[in-house]
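Following this line, the structures themselves.
Below, chain A partners chain B and then partners chain C, in two separate complexes.
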Partner chain A sequence: MKHHFRRQGWVAGLFALLVALFILTKFIQPNYGAGDLGSLVRAVLPYAFAVAAQTVVVIAGGIDLSVAAMMALTSVTAASMMAGASEEYALLVVPFVLAMGFALGAVNGILIVVSRVPDIVVTLATLFMLQGAALLVLGAPGGGAAEWLKSLVVGTIPLPGLPDSVTAWIPKSLVLLVVLLCIVWIPLNRSKLGLSIYAIGSSELAAFRSGVPVARTKILAYAFAGLFAAMGGLSLTMSTGIGAPIPGPYLLASVAAVVLGGVALGGGKGSLLGPIIAVFVLRLVRTDLTLLAIDPNVTAIVEGSIMVAVVMFGAFITMRSRSS
Partner chain B sequence: MTTSPLLDATGVAKRYGAVAALKNASLSLLPGEVHALMGANGAGKSTLVKILTGAISANVGRILVRGQERDIRSPAKARKAGLVPVYQEPSLIPDLDVLSNLRLTNTPVEPFRNWVRELGVPDLDLRELARDVPLAIQRVLDLARALAVEPDVLLLDEMTAALPANLAERVLEVVKGQSRTGRSVIFISHRFVEIAALCDRATVLRDGETVGVVDIVPGVEERIVELMLGAKVEKRRVTQQRAEDAASPAGGSTRIAVRNLSVGTKLQDVSFDLKDGEVAGVVALEGQGQDELFAALAGSIRPAGGTIEVDGRQVRFSHPADAVQAGIAYVPGDRTEALAMQQSVRENIALPFSAAFRNWGPIRMGKEGATVQGAIERLQIDTRAQREVQRLSGGNQQKVTIARWIAADARTLLCFDPTRGIDVGTKQEIYKLLRQLAAQGKSVLFYTSELEEVQLVCDRAIVIFGGRVVDILPVEIADEAALTRAAYGLPRDAKADVGILADVHSDPVTRP
Partner chain C sequence: MLKKKLVGALLASAALAASLGAASAEAPYTIGVSNTVQGNGWREEMICAIKAQALASGKVDKLNIAHRNTDAAGQAEDIRNLISAKVDAIVVNPADPAGIKDALAEATKAGIVVVAVDQAVTEPSAYIISNNQEQYAYLGAKWLFEQMGGKGNVVYMRGAAGASADSDRDRGFKKALAEFPDVKVAQETFTGWQQDQGKQQILDYIATGVPFDGIWTSGIDNVIVDALVESQATLVPVVGADNAGFVGQLQSVEGLKGAAVTNPGSIGGAGVTLALQILEGQKPAEQTVLVEPELWENATDAGKEKLKTAADSSLSPEWPVSISIPNWTTYSKEQIVACKGPGE
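Now for the complex of A and B:
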């Protein structure tokens, strides 16, 4: 119980911060409602998948700079394949794009393992390659998306037996996010592979000596990052209806949320829940600052300051609880 | 030799670039035998163990397990072939709890629990993060984890080096029990006592080659040391030699005076003096506050109370640089704490004095080179692999950590178990060096976990128990029995004031 609390303490703190922010938002903008929540989640969606991708890799002791570029490539691939195609065709496009993300991620991992070039260099290189590839697929924003895909992120889910006033607060996009993350993360976390990912991030030497196949585990960690990145790319196409070849601001945002979410950049520590809450916190802060009509440039400064302050505060609390 | 060997390795060699770590090693292990693997540091013991357990693979050589060639080119495969190691450093994943660590290696939990209990740790919380488990217990868990999979061959690399005496005893008993059930153990240790008590045979390595296999019988130690060093070793006691050191300034002035020092909850009210030209031994069981004492003197933690005087002036160190400035240098037992492993020998030695004086201008390479060369020659550091310190053997690494402070001309050395895991030859060199330094008027505070070293090197022994100085023994009576008694807090003879500080100044036998 004691251990459980210590490990979840950070996440609980973040969640409290998120709730406080929602209350603050309601205070700033008294008519902040269910619709606003829906658009917040829609805006968060690509960020959340980018963060999930980054989290897996960082826990394994690496870093993936190609996340945003991979999202751009998968997004334009999906959009150009679905442009003018039938609704049913999209049923093939989705698994294809997901598989593509998985494979591209695996390529990242294989390059790192085989070439022994540091991960930061390899993924920086693939960032440029994937960016170029995205521009080859679509020179300018365009393409299309199947209607059923687009409708997946719009509106709410009517639950039988629950009044509309309640279901209005459950946007489809949130359900989609939670379901997709759980489908991948929970089995992964329970499996030996998940354990191995934590192990190589914590201490590669000790993991190797414990008989963990370090190379294979690392490749799979990057592959899962690719899978999450592909989900992010799809979510971009879903919410905009097109594909844009220029990567969005997802890379640095993903690293920021990973740090804020209590995942050690050195690897081995943390879970997915923290970074996902962190990404909501960061987006909501931005919303609040916009509502307060603060200069967008100042907004960025505030975001940065919050990050440093929260991480410092967290480290301070941890130190206090250790020494007592 | 009627029974066929359980493990048979012949002609094993491993090269790293131009450096041959192993040239022609062989090892034959009979069922039910405890087999010592011995050799000076750098002889290739660790390399051979790593090859046998799949951590690295050999360039050439034939390894048979139960007469069959088995693929042992990864730790997982070696494990399947029945070869399970316990390495020198803890191998648990620090950020996983103990249970997850077991799951990772497919270790059955119940046998593990039983072994942990057997090894003398009654209350273990499997949900505890490995990081939070004390180091000595981690070693025990490593061993229990290896035992739980019932390996045919257990390889123990310096298993007992970091263990307190009571745990070490249990470990030795358990190892003995293994051999009774027909399993075999390869045992690496620098402690002859353990080997004599435990092992049936010993394979001796020198410079990457197997130079002999001997049966362990009383009196075989000399022969083993001879094989290890390749020449007859001088068993001269450094203490006796000290009488010849007429240059040693008898009763030098007080260099460091510690008064009523306390650090956290670990160290309370400690007082003693360290004089110029003396080597003062510190003796304590594991975790009695000696770590905190050295850290406070080296400036890496701030004491909660009491004073430290250097050359009669009170000092307050807020950073190790302050201690270095005052001429006090810390030599940790763990080399990795002190060295920049990927840098060259030269850079490592030059680091303290090139970084001194807040001197961030250009480094005078010529002068630096000469100083470094002087230190290397003085310590006879083997510089064949000098481009990266991490490729040196443990003994040579330890020499580099001492050499840098000699090059920096530190007046006081705080040596914390500097001979841990080092071969006999290098140990002798380090003893001699410390005496030479003392003869030059430098002072050394020398913590050791090997009690016999006290009479070899020290002028007196400060014994710490439960965070307090319980006794200060003059070297003449500081034999292992007396030190052990004192270290467990037992009074010396009928001395009534145990637990109260022994005042150094009124001690008539501080120096011989």
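Now for the complex of A and C:
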């Protein structure tokens, strides 16, 4: 019970930090409004999916260094397939790319289980392989995206019964993010597989002795990470209209948000909500630094310092509550 | 009575809003900058030129610079943050010509003047001021092929795959190549405009032992000369940009024949000037303004003289020596080297 409270406490604290940051943003830029929130969520999208991918794997006791490369590969695949194709064709491209992400993730898991080489080494190897594959698909940024796909992240959703002043604060991209994460995460979390993922993350041996199929669980955890990474890749193509073969800054950002989100790097602890809020916090910090026109060479230092400070503060609180 | 008051209040607030609207379009201005390559000499000079020109113009009271290593999605995020910051103009060096189209369109819609420097963008509402990259490659390649006697093998060291500056230069290079049918491309590489990568690539190529007669580089030049000298390979003619280090080598390295083609990083300062002109109602006749390159070679006395006047050993070796652009920049050398913007 106490453990449960502590975990929720972390997420609640993070949420309070996010609210405080929004108030600070409004203070810095009094005109900060609904449109700007939409921009923020669009910036959050690829990071959120990257961090969702990383969260599943970290809870299962692993780490996936190939997240950003997989996003690049799925993004260029989608963009090159959609270039010059009809709008309807994209209806096939999306499930194909998602399935591809799932399969590539499963390959990561199979390699780890079969070879018994540590996760960090296997996914480092696949990072380079996927990066090379992305360059084979598209040698340079290019390709295209269907208009309906791009419009999924632009603007707001008119909800019946709600005035415009309210719906303006519900950007499509936020709805898309919440829906996609919930569709995958909630059933997964409530299923036997979800429980097994937490179990192998806590202690692989204990899980094995309790009859949890460790190998299958691990492979599926990586497969779901691949699925989230493919969503991230698609979100990149949706927001830019192209595919870029060189991976963006999503790997380190995903690990950072996982840690900030209260997921134990050792595995077995945490949920998806914390890391997702953490992504919003990190992007909003970037917005505030831009609004304040801080020297650009200093912003990276500020971002890193905030992260360390928050994690250390959290660890301090946890220690205090444990000893008392 | 109440209605009258309400109308009065509405009118007053409308007038206030109108005056605020007008105020935002008058000097001093806030200019936003978005750049996605950090730690590259050319780009640093570009940023310093932006700061120096903003200061020298006297019309800018604040620069808001988003300057980090990121992709097109990250640049779109930065541009949207600059829109939130309510800047008057955005000077952007695009990560990708098409990938930031939506963000630029949103900026224009918000009443922000958008000027792309160095490379083109596909968003039609944006203004573009750029060095003529096609001509840059054509001038250098033509000179190189003439030096090679119109025949032989050339090593073609390009920039970053997919960058519009690189594809424009490729067109210019191919145009010159078509004029010299006996010149063959022995090796084509992408340096990504990174010094270490370019050097590694030429060392790998030298190690194969395959002879070559000339090297064309997309501005990663001084490390190529270093590699030739260090590995005691034959000093073939080398074409590069007007980076201070390479311009120095053209005068000091014994037996090196080469040419520097100007590609001023100070185009960033020109971007600020163009943005200010548009803000004050002087729109250029064309949406795209091109700055023409010059070629300085060390094969003739006249060329050597030009190199001598251009050389500036006080600059960082990766900085282009053409630190200003006539008619477009008004800052002094001290100002660009100091790299300080308004209020710093």
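Going forward, the second predicted complex is superposed on the first by the 320 of 324 C-alpha atoms of A that agree within 3 Å, B and C clash if a C-alpha of one lies under 4 Å from a C-alpha of the other, contacts with A are read in each partner's own complex, and residues count from 1 in each chain.
One rule holds in what follows: contacts are C-beta pairs under 8 Å (C-beta built on N, C-alpha and C of every residue); 3 or more make two chains touch, one makes a residue touch a chain.
Worth saying up front: this structure is predicted, and the values here are computed from it rather than measured.
Upon superposition of the two complexes on chain A, no clash is found between chain B and chain C, which fit side by side. When the two structures are aligned on the shared chain, A:Gly101 is found in touch with neither chain B nor chain C. Put simply, the three-chain overlay gives an angle of 130° at chain A, taking C-alpha centres for chain B and chain C and rounding to the nearest 10. Using the contact criterion defined above for the overlaid structures, shared-chain residue A:Gly62 touches neither chain B nor chain C, since it reaches no partner. Of the two partner chains, neither chain B nor chain C is touched by A:Gly109.
Within the superposed three-chain model, A:Ala206 lies in touch with chain B and out of touch with chain C [touch as defined at top].
Contact with chain C, but none with chain B, is seen for A:Ser239 once the two complexes are overlaid on the shared chain.
Legend: residue contacts after superposition of the two complexes on their common chain; A:Leu195 is shown touching chain B, with no touch to chain C.
Once the two complexes are laid over each other on the shared chain, residue contacts for A:Gly248 go to chain C alone; chain B is not touched. Legend: residue contacts after superposition of the two complexes on their common chain; A:Asp36 is shown touching chain C, with no touch to chain B.
Between chain B and chain C, more residues of chain A are touched by C.
Taking the two complexes aligned on chain A, the least Cα distance separating chain B from chain C is 37 Å. Taken together, the two complexes place no residue of chain A in contact with both chain B and chain C. For chain A in complex with chain C, the residues that touch the partner chain are 29, 31-32, 36, 39, 42-43, 46, 139-142, 150, 154, 236, 239-242, 244-246, 248-249, 283, 286-287, 290-291, 293, 295-297, 299-300. Across the complex, chain A meets chain B through its residues 3, 192, 195-196, 198-199, 201-203, 206-213, 268-269. Per the touch definition, chain B reaches chain A in the complex via residues 55, 74-76, 79, 85, 87, 90-97, 100-101, 103-105, 127-129. Contact residues on chain C toward chain A in their complex (touch as defined above): 38, 62-74, 76-78, 80-86, 96, 98-102, 161-163, 167.
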